[in-house]
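Chain naming follows the written order as A, B, C, D, E and F, and within any one chain the residues start at number 1.
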Amino acid sequence: MINERLDLLREALPYIQRFKNKIFVVKLSGKVTEDQDQLASLAEEMTLCQQVGIHIAVIHGGGKQLSSIAERLGVTQKIVNGRRVTDTETLEIAKMVFAGQINIDIVSALRRCGAETVGLSGVDGSIIHARRREIQEVINHETGQVETIDFGHVGDIVDINVRLLRLLLDNGYIPVVSSLGADDDGNVYNINADTIASEIAAHLQAEKLILLTDVDGILRDRDDAESRISRLTVEEAERLVSEKIVSSGMLPKIASIARLVRRGVRSAHIINGQKRNALLYEVFTDEGAGTMITAS
Amino acid sequence: MINERLDLLREALPYIQRFKNKIFVVKLSGKVTEDQDQLASLAEEMTLCQQVGIHIAVIHGGGKQLSSIAERLGVTQKIVNGRRVTDTETLEIAKMVFAGQINIDIVSALRRCGAETVGLSGVDGSIIHARRREIQEVINHETGQVETIDFGHVGDIVDINVRLLRLLLDNGYIPVVSSLGADDDGNVYNINADTIASEIAAHLQAEKLILLTDVDGILRDRDDAESRISRLTVEEAERLVSEKIVSSGMLPKIASIARLVRRGVRSAHIINGQKRNALLYEVFTDEGAGTMITAS
Amino acid sequence: MINERLDLLREALPYIQRFKNKIFVVKLSGKVTEDQDQLASLAEEMTLCQQVGIHIAVIHGGGKQLSSIAERLGVTQKIVNGRRVTDTETLEIAKMVFAGQINIDIVSALRRCGAETVGLSGVDGSIIHARRREIQEVINHETGQVETIDFGHVGDIVDINVRLLRLLLDNGYIPVVSSLGADDDGNVYNINADTIASEIAAHLQAEKLILLTDVDGILRDRDDAESRISRLTVEEAERLVSEKIVSSGMLPKIASIARLVRRGVRSAHIINGQKRNALLYEVFTDEGAGTMITAS
Amino acid sequence: MINERLDLLREALPYIQRFKNKIFVVKLSGKVTEDQDQLASLAEEMTLCQQVGIHIAVIHGGGKQLSSIAERLGVTQKIVNGRRVTDTETLEIAKMVFAGQINIDIVSALRRCGAETVGLSGVDGSIIHARRREIQEVINHETGQVETIDFGHVGDIVDINVRLLRLLLDNGYIPVVSSLGADDDGNVYNINADTIASEIAAHLQAEKLILLTDVDGILRDRDDAESRISRLTVEEAERLVSEKIVSSGMLPKIASIARLVRRGVRSAHIINGQKRNALLYEVFTDEGAGTMITAS
Amino acid sequence: MINERLDLLREALPYIQRFKNKIFVVKLSGKVTEDQDQLASLAEEMTLCQQVGIHIAVIHGGGKQLSSIAERLGVTQKIVNGRRVTDTETLEIAKMVFAGQINIDIVSALRRCGAETVGLSGVDGSIIHARRREIQEVINHETGQVETIDFGHVGDIVDINVRLLRLLLDNGYIPVVSSLGADDDGNVYNINADTIASEIAAHLQAEKLILLTDVDGILRDRDDAESRISRLTVEEAERLVSEKIVSSGMLPKIASIARLVRRGVRSAHIINGQKRNALLYEVFTDEGAGTMITAS
Amino acid sequence: MINERLDLLREALPYIQRFKNKIFVVKLSGKVTEDQDQLASLAEEMTLCQQVGIHIAVIHGGGKQLSSIAERLGVTQKIVNGRRVTDTETLEIAKMVFAGQINIDIVSALRRCGAETVGLSGVDGSIIHARRREIQEVINHETGQVETIDFGHVGDIVDINVRLLRLLLDNGYIPVVSSLGADDDGNVYNINADTIASEIAAHLQAEKLILLTDVDGILRDRDDAESRISRLTVEEAERLVSEKIVSSGMLPKIASIARLVRRGVRSAHIINGQKRNALLYEVFTDEGAGTMITAS
């Protein structure tokens, strides 16, 4: 019995060798981080990956938790076409929820597994140099009206500085970065976590970008959970987009992944972080758990 | 005119040389961090110190801001003899306020001055290894009654690990640490920021521990702001305590400073962070601004 | 199904963390190296250990293979009380068999698993500084007669120089050392491989010395394979010796292990290298496969 | 009062940040080094610059002092069109005056300020690889006659080797280089200090070359000290030359600066080293003290 | 008398300076290694070269010794056109003779001189990545018949990895490499030592490749030992080949040298290792002992 | 013939190995440096030693040359009991002669041999921290009178800082140090070169201190050049002093050597630098050229 278990360990060897000293950028969605048991399980998977020699960097946002605290504080949230308008009060809550609550939850879950971890936001070490998003004319998908929207303290990424991340990765730490950035005047901005994950993956020349979401990957038929596409190229993904096979919620993810893979990251993965062992599937099996997108 | 100004720069030379490559641990009280203008001014002073070669590590708590957010969220705070009982909800708020709101305020204020900064909590890099404070019999100063108090998620420091802090200081970053810690099971605790500052100063073998508070230092006559004692030894400080000259609020600070100075930190300073240039006074003048306590 | 396999991987995490960056000195007996399938299996186990962060150094002799080649070349072997008299022709064969045949078999088995390996003998890098064993009066166990024996080119260890071994371990190589040494005049000697393994383990301050033999460990009743003692202290081992419970063949092994454990190596293990996963048992389970001897 | 002084320190911060880790090559003319009080004052300015993070390299000649010692020793000096003919006796005096007297005066003035300094000549570490200047046909400006001049032990720079200078700068030393060089046969030459300063600035990729002379900079009207040009481009400087606005003594300085700025040094400065704080003006104010020449 | 000897030492200075920190790859033929006195003498020459700052890497085969042991073991050797067919038994003997016997003879001879040495084969550290030579149609020079030859375990070089060699050279060791290699499946191959020496010299960007053989170099008239050509270019060597002046045994050596010199190795030398001081001649005299081939 | 010369090279091997990476401090007396041919010859010997791996540091004074320049400048020298009174004018001449003239002569002689050299004085890098010698009551040996002597700018060594010397030695430079030092106020002092050499040898933990003088060593009978003692212990040397066998001029040398050898320098040598190959004799022969003093 034990012998069979040990034989299983041997099967892990080629995977360990393949990914030795490679960088995986893992993006955790709010749905994944809010369930403490799921987070504990994922922390163990990430620690295991790190212990066998993979460098892990974690990025997270936390829109769901932000909305919940905002409601408790009586701060109304305005969301246009799925994008949050971040007024001054909301920014304060974002700082508290992203960099305080969720970040420490992730860090302490990793610490319980014995991993050396450092919680950061994009403001630290000038990781994310951002600028305020300009006021835009937007067609409100709900109303169909053109609106002039000031997204407030929402920022767009101007540049990424990975010096601090490299320093921490080289010294055995798992950096955990919440989705805030700043400009050179120290103004803090709320920034899209998917975009941060992509940009950091590109600047670190990561092997993989792994998006841990609450969906099983890209479905050929969005009503059929069994129609998951396990592997496709950037070109195929873009064809799915143009043929409107993928849902609109997937559009920005696929666009950002396409750019990323063209910038040298070997592959991007959309997997369901709510399923046990989702991350280990990607590292220790050939089939994988979600959808893997590669350059060719 | 300009020549006179440049002559003043020359006077800074011996101070710069004296403190080159030394470590200053600076503890910011909640009163200091809540005023954004004061914080901006202090950030400039800290950046200047760092630029002339002093290594700066910042520690902060934020009890005042914690109480304010707790009130907004309708979470009643219980404080016994000046010490906060940290129930589960309060801990969540402490994480948000300390590690989210205040920490990012300090980091972004430093970034505006051009300093490379990294916001941390004591959970990161296992900086603070803590354990839950045991249930205690306490005489409630207000009621005079003995009470059995469970301080909840309040932690005491078991050990300090400065590897991460050294790594960051050696690479030109100002680490900013909020007053949280954890045990090996990843349970997070609210920890007294003064104690953290003392312990980190001792483990880093700092040159100075600087407590930036809202008082001008130790007063010989607590009703006479002019009676500030500018310099005293640990023994003299302890005599003031036994002679009840210093107020009870100063007692734990002085006790912790006494231990600290005996462990090799050259001096500890209690200064009024609300006064402009308070920190620069300590570095660039002989007299200093508050009260300096030395071993002998 | 796959999920169960991945759960097993998680169970390996605490073992990986415990032995990270520790050194294991593994001694392979001739019986283990002569079966190419067993060697291939062991090579995979050693590579897996190395990939998860354990530093592995391998020591081997090869008396069985030496006798076989000597016979083919018509060189008669004289063995007194289990110790080989090494005349000039036998030394030449020992060089060929130990450093040529067996060493390259081990190195190429490891290479097939993707491990970076360097085959050495104790002559390289002055690892083993030896001197010729003096002519001795010996009671021949077979004849019961006192004989004056010149063991020829048999050497005793004067000193160990681990600089080369550290250089290779620090750079990710598995050093494989055959049981030869030399004196400063370049005279080569045949040296007992168990002794080399013990000495190298002590000088490298190894975590474990693992003797891969063809027995299952120390038996309480040598006729009962089920009577294996899985764990005992040095004192207990020495009591077994004085009570003549262990066989005389085990005597030198136990004496050498006792010295070793007293010099700082955490534990020594006698396990049966002919059994699949014998090494993994020691690393990834609490029970272990053979007999483990510790200081206390 | 003190508060105002400390506010002035804050004003220095942006300048300190701008020039952090940049290299300034400072050339001291003989007139600047011969007054011990001026030298002491300048040494303090250079030490202050170094303490706030600027790397300082000093170059000096010393024609005035050379003439004075030559006269005392009865060695007649022949100077043609402002250039000294260096016969064998004069070379011996140059070695003594440049590398002995003046160099040690500068080094000891810096040491008094607490700076770590190393006095060198261009012969050390093969900094200056020179060759003997060829015999030239020259129109003597005084006589108007064509003369065939052998400048003797005067050398022209063939190559610069900055390895030693980098080693010293990287280790916190201020190198002070006197204006001698040598060829590969070890023949020593007297070399123009301005040229050395320019070449070293170019090879070190310095931020600034600062020529500390006894004039206030380039004057638009050489009879009007108030007509100083505070900033001009290389092209403007060359136009001034072609329009004969600058005096002939400035010609070689401007030509050499033009080449330099085109080779990547950010700016060159001609300032009056006899005025207190002349160097600090350049570092800590925007206006500057003399004339600054930039590429564009 | 002693003074004359010391004067001779001075004459070595320019040669020491010229070759400081350069790499020499020295290939020892079987004829050179089989005579222990010659080997001892050569070891002293190599140690002297290393001690004055030259990095030495040694390559060797040992066909002569292989044939002798094969004969003793009754394993018939088949050699076609001077190339050995390596069946499984012969490969086992090659491992023993090359990596066991000869390699240790060289290592122990160097150790006697006080040199730090590491014996390797091309299997170690993946130095030689080889593949099995394909079955070939060959015209047997003896019989004149076309034969289909399977050379068995003979390998051709696919790639060279010099990481291990650089690590050892940088740390003061003389690596001694026997002529074996392997593929990624761990299959070991017998590989031509001249080819290995050339490839390693090219990959290490060596200054010199020195072939220590039993001939005096290239002779203009192969029957006249006095007709040695001391220096020629690659083009001249190729002309000698096309004009059939050099013997066919020299053909592959010259072809391989030509390729090598075109890949950046400064020169290749064919010298008679059986003559005392042959190596020192190349280093410490201008004339040299054998034939030196350069690019131009 | 050439073969004999190359055999001589082999004889150098054990000496090269013995002194590899050891430090020799070589003190050159004024008599040795004033003859340019002798200096050139010595420079070649020192370069050869350095090229075979010995670290060389050179110390020199230059009293003879100082007196000669002083005379030419009309500055009277007062010498009491062999020790020079250094008034302000004499100090200026000492700076010029030691650090200018002689230092550059040595540096350029070494450069001609291809050695990387850096000329220094004890003022550089705070190598020599000195203080002014106190006014002393002295019995004038000439007059027999007690005199109160102010030696002026003569300094005694307070401390030695070898950081700069180690930096240069570790980077392959030969430092050449002239006999000046300074106090923390930057006052320069004339310091005894023998004392400097001893102190630097002790602080560098040198293998040998070599005093290159104009005598053949210690003579048993000072009138008999053949009575040289080639080797003696510190105790024997002190007995020779107490028995007044050695001349009074040797007294301070022997006292300083005795202290030195007791502080860990392996041996001190007094040899005649005017004899060709004097230094090589010490390195490459067992007998040596002068007198060698060892601890026991």
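Quick note on the criterion: a residue touches a chain if its C-beta (ideal position, glycine included) is under 8 Å from a C-beta of that chain, and two chains touch if they have at least 3 such contacts.
In this text the structure is predicted, and so the values were computed from the model without any measurement.
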item: Mutual neighbours - chains that touch subunit A and subunit F alike; value: none
item: Interface residue identity across copies subunit B, subunit D - same or different by half; value: same
item: Which listed pair, C-E, E-F or B-D, duplicates the contacts of A-B in over half of its pairs; value: C-E
item: For subunit A paired with subunit C, centre-to-centre distance based on mean C-alpha positions, whole Å; value: 48
item: Chain centre separation (subunit A, subunit D; CA means) in Å; value: 56
item: Averaged-CA centre spacing for the pair subunit E and subunit B, given as whole angstrom; value: 69
item: Contacts with two or more other chains, residues of subunit B listed in rising order; value: none
item: Arrangement of touching chains [line / ring / star / complete / other]; value: ring
item: Going round from subunit A, first to subunit B: chain order; value: A, B, D, F, E, C
item: List of subunit B residues in touch with subunit A within their complex; value: 69, 72-73, 92, 95-101, 103-104, 107-112, 116-121, 123-126, 164, 167, 171, 173, 180, 182, 184-188
item: For the subunit B and subunit D complex, residues of the former touching the latter; value: 2-3, 5-14, 16-17, 20, 44-45, 47-48, 51-53, 113-114, 276-277, 280-281, 284-285
